[in-house]
Structure formats: structure tokens, C-alpha cells
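Common to both upcoming complexes is chain A, partnered first by chain B, then by chain C.
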Partner chain A sequence: MENGELRKILEVKNLSVSYGKKVAIKNVNFSLKEQELLGFIGADGAGKSSTLHAIAGVLSFEGEIVYKNYVYHSPKEAEKIKYEISLMPQGLGLVLYDFLSVKEHFDFFRDLRGLKKDKEYENRLLKMAGLYEFQNRLAGNLSGGMRQKLSLILSLLPRPKLLILDEPTTGVDPISRAELWNIVNEMREDGMSAIISTAYMSEANKMDKLMLFDEGEIIASGTSEELIESIKDYTYEGEIENNKCFSFNNRTYSLKPLNLKKASPTLEGIFFVNALKKGKKPIVINVPEKDIEIPEIIVNAKCLTKKFGEFIADNCIDLKLKKSEILGLLGANGAGKTTFIKMLLGLYPIDEGELYLLGKRIRSYEDRLTLKSKIGYVSQKFSLYKDLSIKENLEYFAKMHSLSVGETKRKIEEFARMFEFEEYLNAFPKEVPLGINQRFSLAAALLHEPVVLFLDEPTSGVDTVARSAFWRLLRKLKENTGISILITTHYMNEAEYCDRVAVLKRGVKIVDDEVKNLHKKYPRLDFEEIFLQIYKENQ
Partner chain B sequence: MKMSAILKKEFLVFFRNAGLVIFILYAFTLDIYIAGKGIKVTPRNVSIGYVNEADNLIVNKIISSFHKPQFKQPKMFLNEKALKNAIYNRKIIVGIVFDKQFVNNLISKKQAKLQVLIDSTAAAQAEVTLIYLQNILMKFENNLNLPAKINIIKLFNPNSNTKWFMSLSELMSNITMLGLVLIAVVFVREKENGTWDIMLLMPVRGSLIIFSKILSQVLILMAGITISVGLIVFGVFNTPINGNLLDFYLISFLFSFAIGGIALVIAAVSKTILEVGHLTIVIMLPLIFLSGAWTPLSAMNPFIQYLSYLSPLRYYIQATQDIFFRGSGFFDLLPYFFAELFMAMVLFYIGYKKIGKLF
Partner chain C sequence: MKISVLRAYLKKEIIDLIRNKMIILIYLIPTMILILFGFGIKLEVTHARTVIIDNDHSKLSLEIINKFSRTKYFDVRVENLSYKKALHLIQTNKADVIIIIPPSFSRNLYKGAEIGVYIDGSFPLRAVTLQGYIEKLLINGFNIHLPIKIENRNFFNESLRDYNAVVPGLFGLIFLVVPASLAAIMIVKEKEMGTIFNFYSAPIKKVEFIISKLLPPFLFHSLNIFILLLLAFYVFNVPFRGNFFIFWVVSEIYILISVGIGLLVSIITSTQIAALVLSVIITIIPGFLYSGILMPISSMDKESFIEAHIFPVMYYNHLVYDSFLIGQGFKASENVLYFFILCIYAVTLILVGTFFVKKAIK
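This part shows the complex of A and B:
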């Protein structure tokens, strides 16, 4: 890198943001050079979004920001440089209007920004995003990945010198993520700089420089190699059960020396080492062993098909879910995962095919009612009643499943202890961290002792430490209660925790195999690479 | 058991939405009070002017009959032109011209003509003012020994107290609006917050969920009606009730379910609470206009009168007015009960079928 020759374009001095009494970030300092990619990583609520919004000039802050030679202290002063800075806020396609087509979005955003029409540049953007052929399609009919690409090229429309992306890839499949990165890299060659926050560590590796946010402060910064280097003394191979160290993805992190083989660290480890340094301990999971009679095959789907008009969302998919098995359902946005799960749940009528639960064919409305009482489900955004406290939520679900008052009380206490959310029982869902919501949604889904658990992207947006706790919980549940779990995720390295994966592409199942077999078939690749490979092979 | 769980949940959600609670309380109390106090059809403080070319004692006597609170102290104008100008400039609303022959004609031919100019921008009020005028003049004719004498006995609302009528009409309209909104929102909120699927996944029949959810809101409505009737209708306006209050609760209950049926259709087609708001207004206005809440049914175009049979609000209003003012008994009210029950069943069936598709 010839960074020496490049000009500094942004300097942030003593930046602080607070919401009322709550301090979001305090005294943050850093700078950015031309063509540089700066990555923000950290747990949710660490202050990444606040920093990005302050720089973009849409949030009041204390301190000073210098863009090129222009100094600003408030959103008002930032007005003058806003045409050179573009912000894409968090959330899938949040800036889009469902009833406008791709082309109309371009017209609207161009007029809004008062830009001259530049046909050549616009076509280039559209081609980069693979949307050139879909200019007349309504945004509401685009898949999640396409929506995100459209949002990105719209924020590139004014040819910004500084692009600010707030978790642009959260909830986006690996294919679309790769395409989003290609767009950013191409624009960067034109001289653009970017600040990007991300939850995917495989992306963090692509940044020139990384900053780790924690509780409103930057606690580490440097290239990803430097950050990885800093934790190499604490990283060991394998996973162990110990309340003084964290284990995730075949690595164990401990501040005290362990009698284990050292391993090459990964970027993810930095979160665990940081948590350890802060004196945090992993949750102790204590799932009691249960001996329930469960048949070998729990769910058996035979050639399930779902059509929406002409569009075939799922085309004759076979899937067997065995006792005590974690099955990962993978695929790009719009590949038919959610539709498939909804058919299994009895939320969508099945157009063609047969569904068996515990050996019994599900046909009538009555059958579906029994089906529902055997299934636990956690949906994408942990859909809980936000006007009810965590305890009231759990009580409601318990009653709906006909649990007695005594049983309800006992179960709530048991789960609160087991999943460690006792202290939050009287809080409302929006007052607690996402990781807690995730665990208590899981408790809500398990109250009635289901034989199968369906989890639709339960880890999206949740920070690494919480995700590791969640996966340990799922493994324990599976081992000790014999429950089987069907899970979808966009974190490909989480697939390592599954016993088996099924990959969907455009409504068709293209792979259904055990994880260890896939590793044998594609040696020396991590799971994200394996996934991309599989998708490439099945054009 | 499961039903009580749903009811408890819906009540908790309702009472934790401070904004909604305040709005409902407003609609059931202050809004009814304002409507009762503020909306007036009878003349009040009407400014009146006259030209007296006849210059006779009878004229003075007639003029002195226009007094407070219906009329302001009448103003005298020198000629017709000045009177007309005053009306154009909104100085006065009513102008009366007593011409030179007025007294003569009155006494000799017993056929006097009186010229009345009236600003009828507010048509209803102008109309009613005119009737007042005629009544006042009639009294004089009676003094002059006309062959017939009119003796008026006002029934049901003997003081023609508009507060009573207006506050009840406003209450009916508000119950319609709130019934639509509350019941539709209780479903659409689940869609908006993404809890719809979770709701469907409960091992409970869809019919139980739908019915319990509606019941929770109907109970909230009934509580609101109780507050409104107790505090404003009886408390502030001292409205008499000649019939049985229980009959009123029964018809209110039936009406809530008829409205609930319409609300289910709204809930089925709306994705957001904002859409519920839009649809509610579009549906509520014709319901109210066709009901006779603000205009007597008999004054409507015959075609529209037939249409009004389709509005569940029509039976509710007629029954309510009968209960409060006429003092009709349970058996007299049966036709209304049956009509409302029929409407409730038909509308509920349609709504249930519509939202049932989503379950």
C-alpha cells in the first residue's frame, strides 16, 4: 500500500454522542485516507451506528469532524459537504419504496439530490448490481439481496467521495454479499473511501484497517493481521467446557495458560478475548437430560411444492429430519427457505407433496393443530409482544399451550436459570440486548416441550459472543433432550455446528449431506467457500 | 383458559399504549361533551333587524317578543336599503320589514303580509329561525281571534334540548369509529410487529383467536360506553332515560359485533395500522350518513332511505333514541334487536370468512 502518497480525507476528533443520559460513544478519535476501507466491528449497541451517523451529518454530536479541509461540529454545518458523503443506513432495503420500479427509484433519487442525468454512469451501476435487466421490476418484488444491491447503487448515484455503510450485509446471503463487495471495490478504484460496519468477520478481512468498538469506545485498531496477532497467546485448539474461557468454531480462548495445543487465531477471537479481559464469563448451560420416546424420523417431507401464481417458490423438495439432529437449511435470499419452513409449520398450504410428522400424514386442519403443538418456532426477528414483559410473554405462550399455572411458574424459573435471563424477567423485550431476546425467544419456543424446533435466522444481527452461547445451547439441547432442530443462517461458519446441511437454490434442493462429508469432498475450504463452490457447480 | 390468556394479553397491550387509552377516553368523554354543548341547530343569539314603516303599537309588541337567549336585542333601521346592507355585511342575520299597510291589513282584511329577509348560509339554523318567527307571529294572530288555535305539546324531549340528541348522536358515531379501529388494529398490530406467524402457530383454533380478540375490544368499548353514558350523558347533560338501560347495553353489544364484522374485513386487507386508519374513514362516513345520526331518515331521498337499511348504525340509533326518549320496552324494541342481530350475523360471517383465509 502506498498510503503515504494518499491524502487524509477525514479526521474525527474527540467525537461523543449521547441520547439523553445514555452515552453511545465517548471521545472517539481516528482518521481516514483516500481510497481507504475502514471497518467497524463490535457487538450491537457498541456505538458503531452512532459514529457512522455522526460523520454522515445526520446526528448531533460533540467534538470535531474534519472532512478534507472543512470542519464541522453539527448536522447543520455538515450540510455543505453532504453531497460528497453518502450514508446507507442499517436494515434490508429500508430506503426503498415497494411500489416504485428500479428505474423510478433512479429518477426519484436523482431528482431528490438535484443531480444531472448521467446515462452512462447509471447503466454502469445497474450492470454492476446485476439489475440492468430488471429496471421495470417493482422494488417490492425484488429479493432481499437485490434490494440491498439497489440500495447500495442508489447511495452511489451522487458519486460520493466517502461512502458510509451501516451493516450493509447483515441478513444477506453469501452470494449477494460477494456482489456487494465487488461494487464497493470497483468504486474504490475510482478514488472513493468507505467506512463499513459489519458482523461478518470474513468481510472484516477485506478492510484496510479495522476498529473494534466496545461500550462506546474503540478498544483496538489496526489491520486484521495485527488484531489477530494480538490474541495469538490466548488461542487454543478445540472446544472445552469451562466457565473461565470461551469456545467457538473449534477454538478456545483463555487468558490463563491452558494445557492445550495453541491454534492459529481468527478475527472472531478478538471478541472473546475482549470479553474475557472485561471479566465476562460464558453462560453455564445446564440442560437436564430427558428420556422421551421419540421415533427415529421426526419430520418427513416428500416432494413439497409451493407456487405463488406462475412463480415456483419450492419445487418438489424432499427432506428428512431425524431424531436428535441439527439440520442447517442454507441458500441465497429468495431460494425458498422461509417458504419451505412455513409449509412445514402449517402456515402455508402445501400445493403438492406429502408431509409426515412422527409418522403421521398431515392433511386436515385438525392434523395441523396437532402439528403446531409439537413444534417450537423462533422467527427472524424474535417476534415477541413488545408491550408485554418477558415474563408476561412466557406466561402467555405457556397458557396457549395449556400448561397449568404451577407448571408455567416452574418452567419459567427453570428456563430463566438455564438460559441465564433471570434478572431480565420483568423487563420489556426492547430494553434488553438482542442476545437476551434470542435466548428468551428460544425459551418461549421450548415451553411446551416440542419434538422439533424450527429456527429462521435466529442469529442474524446478534454479536459473536452471544452467538457462540446460543450454539452451545442448541448443541446441549439436542444432546440431552433428543430434540431435532432445523435452522437457517447466513453465517456460513455456523453450518459447522450442524450435523447435516441442505442447500436450496431457486426453489430446488441441490445438496443434502453431512457436514463432515462435505469437508471431505472439498478439503481445505471453510464453509463459506464450500457454499459458494456448491452454488457455482449447480448453475 | 386459552381465551382468558388472549383477553389478558390484549388488555395489557391496550393499557400499555398510553396514547390509545387517552384517545379513547377523550372520544368517550370530552368529545361527547363538546358535541353536546357546541353543535346547535336551534337559534341562539340571532341578530335581528327591522324597518318599521307602519309605526304601530302592534309592531312594537311583535318586536319585543324577540328576546334572549334566542335573539339579540332587535336593531331598528330607517329603510329597507339600510336593512339589506346590514344583512350583506353580516351585521344581522334576519331582517323584517313592516310596511305601511301592515297594521291596516292585519286588522281589516285579516291578511297581512310581512317581508322577511334571512341569511340562510347556515341553512338549518335559518330554517329553524323562520319557524320561530312564524310561531311568534302566530301568537298575535291568535290574539286577534283566528278561528283555529294551535296547542303544541312536545313529546319525548319536551324542552327540545339539543344537548341530549347531539351527545347521543356523537356517542353513536364515536362507537362506530372506535369499534372499527380497535378491532381492526388488534389484528393488524400483530401483522405490523411480525407476531402474526407466532399467533398462527399457537395450537388453538383460528375461530377462538378471532373471537377472543374481538371480545377483548368489545369489552373495552362497553367500558367506554359506560364511562360516557355515566359521566357525560347522565352526569353532565342530565339526559333522562325513559326505557331500560340494559336494553341499551344489549343493542350496543349486538352493534359492536356488527361493526366487528366490518373491522375484520379491514383487518384482512390492511398491512399497517395506517391503512386501517384510511379504510376506517372511508367506511365510517357512509355508515354514519346513512344512519340518521345527524339527519332524520324521513328527510332523505327514498333511494338512500332504502340504502340505510344496510347500515347497522340505523337500528342502533333508532333503538337508542327509543330507549332514552320514548321509553320503549323490551318487546317494542324486538324488531331492532332482531335487525341488529341479523346485521351482526351477516357482517360477522363475511368478516370471519375474509380474515379466516389468513388463518
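This part shows the complex of A and C:
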């Protein structure tokens, strides 16, 4: 088919969705052509998921959606188009049943959709996802990346004409992300259209067209080049400290001219420029300087090993965390990062190896007790109590560390001011954006003034502006208090903010080096490319 | 109705229930309730400590003493005590029953003799039961009338066996609580885990989903009807005088009612734990109170009488007791009426549930 002749497959007219009084999206209009790949970007809570759900016919909405020539106004009317549309909702393998094997999932989805068994096609999907050898494995035993790939190929099983993916790559490692994209691209050659929301700007570049959501509206749309072009006047090189402009990843964004060298913008910049246009200001981080006595080596792990039955999650890993250092622990899903952190914290017993924390050999639970007050931990998904308000959560954590009432009050006020979540203190975790949850989880981990912080994927799913604030916060903490931080992340460009990175692959440490050395070794590559390169070299 | 949708869910649920070991609970809990409650609820009283004061010393009075001594219900001691001292035995919890045979009792027998019977009333239920036993012994044996009248609640349970009274009543409790909670959990689990999106986004009908989700708990518990019936026969030796087919059909309809309640619970809850707690609470209380185990419905007063008629357990248990102990079946018009009432319950609950299930995010 000629490029100009592509038919319009979807048209969204004046789409609005509200949950009670809260308006999720208002008057959204756009259309999609055959074979087109449309990307949704925007902060969490901006309305991307609501739009996707409305199109997929799983959410009530106002307005009109036209798929091919069929018009629908409600989930009920959308039933007829569900034969041609597949939705993969947000969440790592959300639609999977933990107790079913890969093969049984195929049986279930085939029957659910009333499809005939097409062995050839199913095998092709399984091979694309690298799951052909794992057909008998239960979904509950698959890694996050594998779960996402399985969810994706299951949504492709009915050969949809329109594929809707809601943040398919959030929380997924770069390797699996690349594989997910390969699958989508291969299927598009068969004539499929897709709408995909994503938090990774490197993926947004792959879309035919992008739409930027903000507070329930589409505030910008176009190809990624067009969007980048639109902010080039506001982008400068380097990072500066100023409450009228945002800095992230070696770029500074300002509406007013700055006395800095202009730089080529990246897609991420569009969030910052948009925030500036909305009159938002970067949070002012004011971490008081502190002088605490901290030993030179905080963590010294010698050949730590963890086995789960036959499976070796961590195989003889050596790792040192020095005073006042941010160490990034990178690796694919299931590479052993979380297991490693859990061993350091004593949440998993250590099978083999020696562990020294703050110079003290850790052999037993009692050894750790004295150190508990020196360690802060933020887990994946943040361990917050959703029925307590943010303030009550913080008070609870303070009590756990036996802080006095007066001290608790003072600390909470101090952190709320420092991390700028004062206005949310009485809200419940569910009601506030992920970025706020992330900041107050960090505050909860810092209440007892630890000297070392363990952060397990604290930025997953958090929008760009909030992530930039978070990293500035971590840097400031490190510089002014001398605290050490061990952090895992799937955003490879965040590795730039680390002093040193250790890369794990299938339970083995393959690289442990300073970030600047890695840049010297792999010139002209961004960190995601460096990471993929490292993984490739260590087959 | 697409068979493939049904097959998809049925297969998935069965695998899921087996692998997460829930299947053990499905078959263990009803059996456990039946055995624990069946043996545990004691309505009959045995070995009541009985003191007989015989002031007559006649052939008849000896015969009465013998009669009491021969049953397992009374442990008889014959003593020569004053009226006051005898009563003191009850007050100090050294005796449960005092029977005083007055002098010249046998001589006055045909003029209308009276025996003094004193029963420890600290447990009213036991007292009434003992009174019944004593009356029966005296009336049947000697045609002696006591100046007390009680209702004979053991009309269809001549042998006065507890199991006959308790075990059938437990059917109504078990089949109300267990299928409801299982159905509620199985539906809410999809909501809680997010797999409900598979239903939302696939081109399947609401009815197909509901039938697929209610069928597994219904089928699994249908098997329980037979398991519990066998337990009633062989562990508790309860007779079965009715029509098995009627019992079976009625039980299946009752399970439908239960899974219908589970469906309603699943609509208003979103976590498995909430679904479990809610479904157990709203079924276990009426299931127990109005089962007829503790108290016959006919002897309830106004409010509880009305409440008993609101919950389905009363109708079902009536038919179950009939099947086990009486055996009138559909010859009694009341039983037919109750059968239809149960059918109406089942249809209404499931229709209402189906109406309120929404195939979209709330």
C-alpha cells in the first residue's frame, strides 16, 4: 500500500473520562492510521491509561470513538470491536495467572477468544519472545521481563488489528525492552496498528507520532523530531542550580534566555519545558550539611552467594560500597539485584560468603540489630501503608526507630519542607502522584539518620520531572551528609548520576567500574547503549 | 454461550485450585465442620447425677429406682436424706436431679400420686431436656403424671439420638457458607490480581463470564453433597427415610443460592480477604441460628420467626430434615412450597448478581 493511501483506523472525538468528581481526561481528539505506531507520553496520572482503557472498551467514557466505520460510545457498544483490538494493561504480567504455565496460558487465551489452534503462529510468537524453551514453566516463576513478553505475545494471539499497550516496558530491563520492541515491530509488518504509552524517551523515538499528555489533555503532538524541535530554544548545556529552570542529564531548560551554550535537546526536555510553561518550579533542595563519623568502607561483600534450590540467584558476588558514594546496581530482570540487596539487609539468609557492614562482620541476626539504625531501605513498590496518611506513615516509621514525639514532629516537618511534600502530608499514598510517594518513602527511610541507603528501583514508573528532582535530592544528600547510596534502576541514563556502577548478569557480576571510565571505554555511546554492549560482550 | 469460554475458565480454575492447594480446603472444610459440629454439639444429656430419696420402700418405688438406674441418662444414688439436705446437694452442684418419692406413694397411685422432681436449672436447656426424660420414663412406665407440661421436641427422633438432630441441620450451614465464600474469592481474585482485564478486554459476554466463574464452585461442592451424605450415614449412622433424588436436587439448588450470594459479595468487594470475611459473616450467622439445630423455627417468637423466613437456610433444612428423618417428600404441600421458594431464591440471586456485574472498570 502506498504511504498516502493508508486508511484511518481509529478516530477519537471529544473523549472525556471522569472518576466521580475527578476528571481524568477532557475533550481529547486524535486519530490513527493503519500500521501507524502512536506513542503516549506524560507524567503518571496525566490520563494516558484512561484514554487507552476507553479505546479498548473497558472504561465508561463520554464522547465518541470510531474504529474503522464502527462508532461506539460505551464499553457495551465496544463489544463488537474487541475481536480486533487487544489491550495489555499496565503492570508486570498483570493479566497472567501465577499457577498456569506458559503453555496453559496459550490454551486459556485461545479458548477465551474462541480461536482455532494455529500451531505455527503460536510457535512463532513463543520463539520471538524467547519463551519456546520455557513452555512448561509457571508464570509465577518467570522474571518480570519474561512475564511482560508473555503478556505481549498473548495479546497478539488473536492477531489484533489494533494493539494497545499501557506502559509495557515500565520496570523491564533494557534487554527485555529491546526484545519487546522487536516483537511489536515484527507484528507491525503484518499490518497492525498500535498505541503504546511509555515512560522511556528512548522508546518514544521509535514511534511514528507522539502525544504528550498533561493533566488530562494532549498538550503537544507530532513526530519526536517535531517535538524536540519545538523546545530547542529553551535547551542549554550543563546543569545549574536555579529555581527558574530545570536541569537533568547534562541539559538545562529555561524559558528565559540563559547565559549558557545552547545544546541539542532530547525528548525528555519536553516535560521540563512544559512544566516551566505551566509555571512550575523545580523543588528547592536544601539539605543541611552534617558531619557524621562514617567508616571508609560501608559495605564489603565477599563472594556472596544465594541459591534457591537448583537456581543460583547470586553467584559469588564481590562488592564494595565506599563512604559518600552512589553505586548503581544494574542488570536485567532476574539478574539477582533485588536478591543481593535483600542479602545485604538480612531479608534473605546468606548461603555462602562473608559480609561486612560498617566494618563489622555479619554472622547473625544479633550482629545486624546494632546496625539497623544505620541503614535505610526503600523497597520496590515502596512499603507504605495505604490506609495511613502520609504523615501517619512517617510517624509510624519514626516510632519503629523509637524517635521521641518531639523529634518525630520536627523531623517530619523538616523532611516535608526539604523534599517539598508539605501540602500532601494529610493525603493518603494512593491519592498522590508516584513521584510524591517516592520522595516521602525516601524521607521515611531517612528519619533515623542512617549512613547508608539501599534503594531498590525507586524511580520505576515515576515521571521524568519527578525523577530529576529525586536524583538531585540524592546527590545533595550524598554531598552534604556523606551518606552512601546503593541503588538499582532500569533507566540507564540515570546511571550517569552514579559514581560507580556494578552490572549483574544471571547472578554474576560482569562489570564494576566508575561511570566516567566506562564512558572512556565506550566513547560516543549513551549509557543504555553501553549497557547493551556490556551485556553482549559477556555472553 | 460459547463452550470454548466455559472450557477456558473451567480448565484454568481447576488447575489453579489444584496448584494453589485450595482444593484441599474445598473438601476438608465441609467434612471438618460436619465432624466437629456433629460430635461437638451435644443436645442430649447423659449421666445426670441423680439422687432418689425413697420414702415409700414399696415394690413400685423400687421398680422406679431400677428403671432410672438402667438408662445411660441417669447415674442414680439412693439416699436417705431430708428434703432440705437433698436440695442442698443441687445448690452445691453435687447433684443434677433429686427425685423424692413420698411415703404411701404406691397406695395413692390410682388416686393421683405425685412425685417430687427437682432439677438443677442453671443450664435451662439441660434442665428442660432432663425434665423430658423423666416425664417420659414415668409416664411410659407407670402412668404417673407430673404437674409439669413440656413440648415434645423429639417426635421424629424417637431414639433421642443427638446425631439425628444435629447432623442434617449442618447441611444447611455448610452449603451456605462454603460455596458462597469460594465463589466470592474466585471472582474477587481476578479483580485483585488484575487478571479481570482478560474478561474486560475479550469479546466475551457477561453471562459467559459469570457462568464460567460460578460453575467450578458449584461443581466442586456438588461432590460434597455425596461426601457429607456418606459421612452422615457411616460416621453418624443417621437414617435416611426420604427420596434421595429430591434431596439431591434440593441440595444442588441450595448450592446455587450460595454461589449466588458469593457473586453478590464479589460485586461489592475488591480484595480476597474482604470477600472472604463478608461472605462468611453474612452466611454463617443465619446458617447457624436459623438452621433448626439450636431451636425449632416453630418455637421462635415474632422477630426471629420473621428473620428465619427471610433466609433460605430454613427452607432447605426443613427439606433436609424431612429427607433424613421423616420421608414425606413432595407428598407434603409445605415441602413443595419450600422447594419453589428455594428455586426463586436461586434464580433471583443470580439474576440480580448478573445485572450488577459490570464489564468495565469501575
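As a convention for this text, the second predicted complex is superposed on the first by the 536 of 539 C-alpha atoms of A that agree within 3 Å, B and C clash if a C-alpha of one lies under 4 Å from a C-alpha of the other, contacts with A are read in each partner's own complex, and residues count from 1 in each chain.
By definition in this document, contacts are C-beta pairs under 8 Å (C-beta built on N, C-alpha and C of every residue); 3 or more make two chains touch, one makes a residue touch a chain.
Just so you know, these numbers come straight off a predicted model, no measurement behind them.
A.B. asks: So if we stack both complexes on chain A, do chain B and chain C clash, or do they fit?
C.D. replies: clash
A.B. asks: Give one of first, second, both or neither to describe whether A:Gly57 is in contact with chain B, with chain C, with both, or with none.
C.D. replies: Touch status of A:Gly57: second partner only.
A.B. asks: Pick one for A:Leu94: touches chain B only (first), chain C only (second), both, or neither.
C.D. replies: A:Leu94 contacts chain C only, not chain B.
A.B. asks: Using the superposition on chain A described above, determine whether A:Leu384 touches chain B (first), chain C (second), both, or neither.
C.D. replies: It touches chain B, and chain C stays clear.
A.B. asks: Considering only touches as defined above, state whether A:Asn205 meets chain B (first), chain C (second), both or neither.
C.D. replies: Neither chain B nor chain C is touched by A:Asn205.
A.B. asks: Which of the two partners, first being chain B and second being chain C, lies in contact with A:Leu347: first, second, both, or neither?
C.D. replies: first
A.B. asks: Between chain B and chain C, whom does A:Ile375 touch in the aligned arrangement: first, second, both, or neither?
C.D. replies: A:Ile375 contacts chain B only, not chain C.
A.B. asks: Return first, second, both or neither, reflecting whether A:Asn315 touches chain B, chain C, both chains, or no partner chain.
C.D. replies: Neither: A:Asn315 stays clear of chain B and chain C.
A.B. asks: Check the residue A:Asn480 against both partner chains and state whether it touches chain B (first), chain C (second), both, or neither.
C.D. replies: After superposition on chain A, A:Asn480 lies in contact with neither partner.
A.B. asks: With both complexes superposed on chain A, which partner does A:Ser18 reach: first (chain B), second (chain C), both or neither?
C.D. replies: The answer is neither, since A:Ser18 touches no partner chain.
A.B. asks: Can you check which stretch of chain C gets into chain B in the overlay, out of 8-16, 80-88 or 134-142?
C.D. replies: The one stretch of chain C in steric conflict with chain B is 134-142.
A.B. asks: Could you pull out which chain B residues touch chain A in their complex?
C.D. replies: 1-2, 4-6, 8-9, 12-13, 16-17, 193-195, 197-198, 200-205
A.B. asks: Could you please specify the touching residues of chain A with respect to chain C in the complex?
C.D. replies: 53, 56-60, 75-76, 79-80, 82-83, 85-87, 89, 91, 94-97, 99-100, 104, 107-114, 138
A.B. asks: Any idea which chain C residues touch chain A in the complex?
C.D. replies: Residues 2, 4-5, 7-9, 11-12, 15-16, 19-20, 193-195, 197-198, 200-204, 359-361.
A.B. asks: Spell out the part of chain A that touches chain B in their complex, as residue ranges.
C.D. replies: Chain A residues touching chain B: 342, 345-347, 369-370, 372-373, 375, 377, 379-381, 383-388, 392, 395-397, 399-402.
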